[in-house]
Amino acid sequence: MGIILNNISKKFGDFTALDNIHLDIPEGELVALLGPSGCGKTTLLRIIAGLEQPDAGQVFLKGNEVTEQPVKNRQIGFVFQHYALFRHMTVFGNIAFGLRVKPRKQRLSEAEIKDKVHALLKLVQLDWLANRFPEQLSGGQRQRIALARALAVEPSVLLLDEPFGALDASVRKDLRLWLRHLHHELNVTSIFVTHDQEEAMEVASQIVVLNHGHIEQQGSPSDIYDHPANAFVSRFIGQTNVFDLEQTDTFWLKNSGLPTPQIGKVAHVRPHNIELAKATAGTAQAVLKDWQHLGALIRVELLNKEADDEVAIIFAEMPNEQFKALQIDKGEKVAVRIRHAHWFH
Amino acid sequence: MPGFRPAISFTLVYLALIVLIPLSALLLKTFQLSPEQFWAILTNARVIASFRVTFGSALLAAAVAGVFGFIIAWTLVRYPFPGKRLFDALIDLPFALPTAVAGIVLATIYQPSGVIGKAIMSLLGVQVAYQPLGIVFAMIFIGLPFVVRTIEPVLQEFDTAMEEAAASLGANRWQTFIKVILPNILPATLTGFALAFARGVGEYGSVIFIAGNMPYISEIVPLLIMTKLEQYDYAGATAIGLVMLVLSFILLLLINLLQGWLRRQRGQL
Amino acid sequence: MNVSVTRKPLSLADPNGFRYLSIGLTLAITSLFLVLPLATVLTEAFSKGLGPYSDSLTHPDTLAAIRLTLLTAAITVPLTTVFGVAAAWAVARFSFPGKNLLVTLIDLPFSVSPVIAGLIYVLVFGAQGWLGPWLAAHDIKIIFAVPGIILATLFVTFPFVARELIPLMQEIGCEEEEAALSLGAGPWQMFFSITLPNIKWGLLYGVLLCNARAMGEFGAVSVVSGHIRGLTNTLPLHVEVTYNEYDFIGSFAGASLLAGLAVVTLIVKTFLEWRQAQDLKAARLASE
């Protein structure tokens, strides 16, 4: 039993932040709450923590209902977006805080607290910073100290609000991997909020996609990428070409080999599901506009001049070698073949 | 950028004429006294008593203003209540109200027949006006806005995520207040306290009407200087004035240090 | 209608008892220490009705005191303002050795007891002062005369404009002024078309507080005035003299004018703070 949310709703004035959310998170997962800003993901995280009270619904942690429990009784660890380190305390004081505010009977001795804090500092690889103040640390160090502070109380659930949001791009990359490894080591159920789909894909074992206070889809990163539940998820995760049957020339689409739809009239096609070949008669054609190197892959920009209203751009991706073998130049025509599509209404 | 020479020249000349040269007169006049004379003036029992009354009252008043000011700043920042903006604007009244007006009004209210004076007299059996206690009340009045206006912006900028972090780590509201909020508001509170103290020490107008001005008991230093001047005892007035000036310099230095601390703290993170 | 109330989690909200106690104490302290004194001025001034009140205000001594107070403000406020702008320009736009010392010295009069502010002018210009014999020989009166009152007021209002403008001008920065110069504006054109509009609310704020202090100063003026009725009594001194003569109506009538000045000052101050906050917000948005 990990975390169960039942019928959670929350309004701020007239604005509906969360509308009847059901969510079941198994023990030990590392879950990303992913969505655009204003989708309710941070509110949901704060409701799980008890920093926000839902208007309706229940929160269960490890099988116990905690909806009416204040945050201090929920045994959660919370890492704030801007860390919220206590700036008048040293790093040591920050990490020891949760241990020192325990009721006298449950409190460890100062010697035990010292050992525990140093063990945590080792865990986050910052043992030499114990006597520094937060203002003397870099952003990445503050982030890790905030994490160590949250872990000190041995939380049953670890909650992180945009954990990499305030960091430089290079530090962010390192910390993502580090967080994933740390989670493997500790195996504590963890939820983090992010608006960055790449980050969610790279770090999480489960992704929950939120939009306008609704859950759009929950699943593993590959589930979500390969089988998006709806148009929103398909667009939000990864890049997608959108073909609307009512706006695109159906003859062109048929020639591209696109399977006729069972349901729906909008086709979403991932760039790697578009194949290019030398243009011949009876094929769907487009003009090569430009291309960019993405490491091992080439991204090709194509202009579909036969689209009805305006000139639409199609993105295709393929390995370098394959693109070289085609031997086409900018402005030349190529044949477009669509291998696979998701259909939505 | 143009205009440095005229701006700095005017600034320095004006500063010298209005502030520095007159202030140096105090110093030079004191040097005309022999050390023995100087010492005799300062160790006079009435002078010592007036210093004790002034600094004791100012210390007590600044402490009370510190507590009151903290409560008011906390309430104004944290809790909504009807008429809040009006009360917020009123806090500055002691800055804006001429001290003579404050003086006669406070004396009227706290005298034994006054609105509050009578109530305190019948409840506690204590007389406020024309006693050292009256001096303390006047200095609280004059010091209150210093404390409120120093704490208020710091509380407004206080990162409430720190409170949430404390709660998420298991601290109750009281522990959060004592261990997280208070240490972060402390520099501002101390600065406000020091400002109120400095103002109270030098205060004249709002105090003399309520003080009773009895030598040895309720006579403040500024009044003693005034009295010496009226008796043409320039040497006495000057010597006492110089000591007051030096003490206010020390206070100013202390306040600058506190404010530096406060600025550094506010600049953090 | 169904209004949804956002519930704050119990562990983060302060206990209701604590909240109501804080609000209660705040209202009690402000009422007793601030509202009551203000109300007392009026009840005392009108305690014998409108007639004696207006008689006191139209008494020649009162009128003379009002005239002197206005004259003092009319001379000191412009001088302090010009000094404040010059000092702020030098401090906020240039770096030079001794700048921190200069800023401290500008703030100095704030921490000097008003009585000492008066005392130092007596030591310079008084009968036994440095210039006393020379002034007496040329029949010039400064102490126990209007010039002394103006000098003492200049001292106590000294920092009022400068200390508002220095941080404000530092925050605004000099980019716009440099832009104006680069576009060919002369120094005065730059000052009147760029600097002044940018600092106007802060400047007015400083002038307002300076004026309140100039009209209300008591201690410093008391030392140098000599309390000569109809000649060297400002309105605050007139309040003191009449109070000490047990003419409470006369005293509180004068006090009611000064309290009115304080209330107007507070209202205008609140407005200026609001305007300045708006301007700074707009400036920050524009620079982002």
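Structural remarks
Think of it as A, B and C in the order they're written, each chain with its own count starting at 1.
Basically, contacts are C-beta pairs under 8 Å (C-beta built on N, C-alpha and C of every residue); 3 or more make two chains touch, one makes a residue touch a chain.
All values reported here derive from a predicted model rather than from experimental measurement.
Ranked by how far their CA centres sit from the centre of chain C, the chains are topped by A. Between A-B and B-C, more contacting C-beta pairs join the chains of B-C.
Distance between chain A and chain B, defined via averaged C-alpha coordinates, is recorded as 55 Å.
We define each chain's centre as the mean of its Cα atoms; on that basis chain B and chain C are separated by 17 Å. Residues of chain C in contact with at least two other chains: 11-12.
Looking at chain B, residues 164, 167, 172 sit in touch with two or more other chains.
Residue positions of chain A touching 2 or more other chains, listed in rising order: 50-51, 70-73. Those residues of chain A lying in contact with chain B across their complex are 49-51, 70-73, 76-78, 80-82, 84-88, 97-98, 101-102, 134-135, 149-150, 152-153. Those residues of chain C that touch chain B in the complex are listed here as 11-12, 14-15, 19, 22-23, 25-27, 29-30, 32-38, 40-41, 44, 82-83, 86-87, 89-90, 93-94, 96, 102, 104-109, 111-116, 119-124, 126, 128-130, 151, 154-155, 158, 174, 177-178, 181, 187, 190-191, 209, 212, 215-219, 222-223, 235-237, 239-240, 243, 251-252, 255, 258-259, 261-263, 265-267, 269-270. Chain contact summary for the complex, chain B toward chain A: residues 159, 161-162, 164-172, 175, 179-180, 183-184, 265, 268-269. Against chain C, the residues of chain B that register as touching in their complex are 1-4, 6-8, 10-12, 14-15, 18-23, 25-26, 29, 68, 71-72, 74-76, 78-79, 81, 85, 87, 89-106, 108-109, 115-116, 140-141, 144, 163-164, 167, 172-173, 198, 201-205, 209, 221-223, 225-226, 229, 232, 234, 237-238, 241, 244-245, 248-249, 251-252, 255-256.
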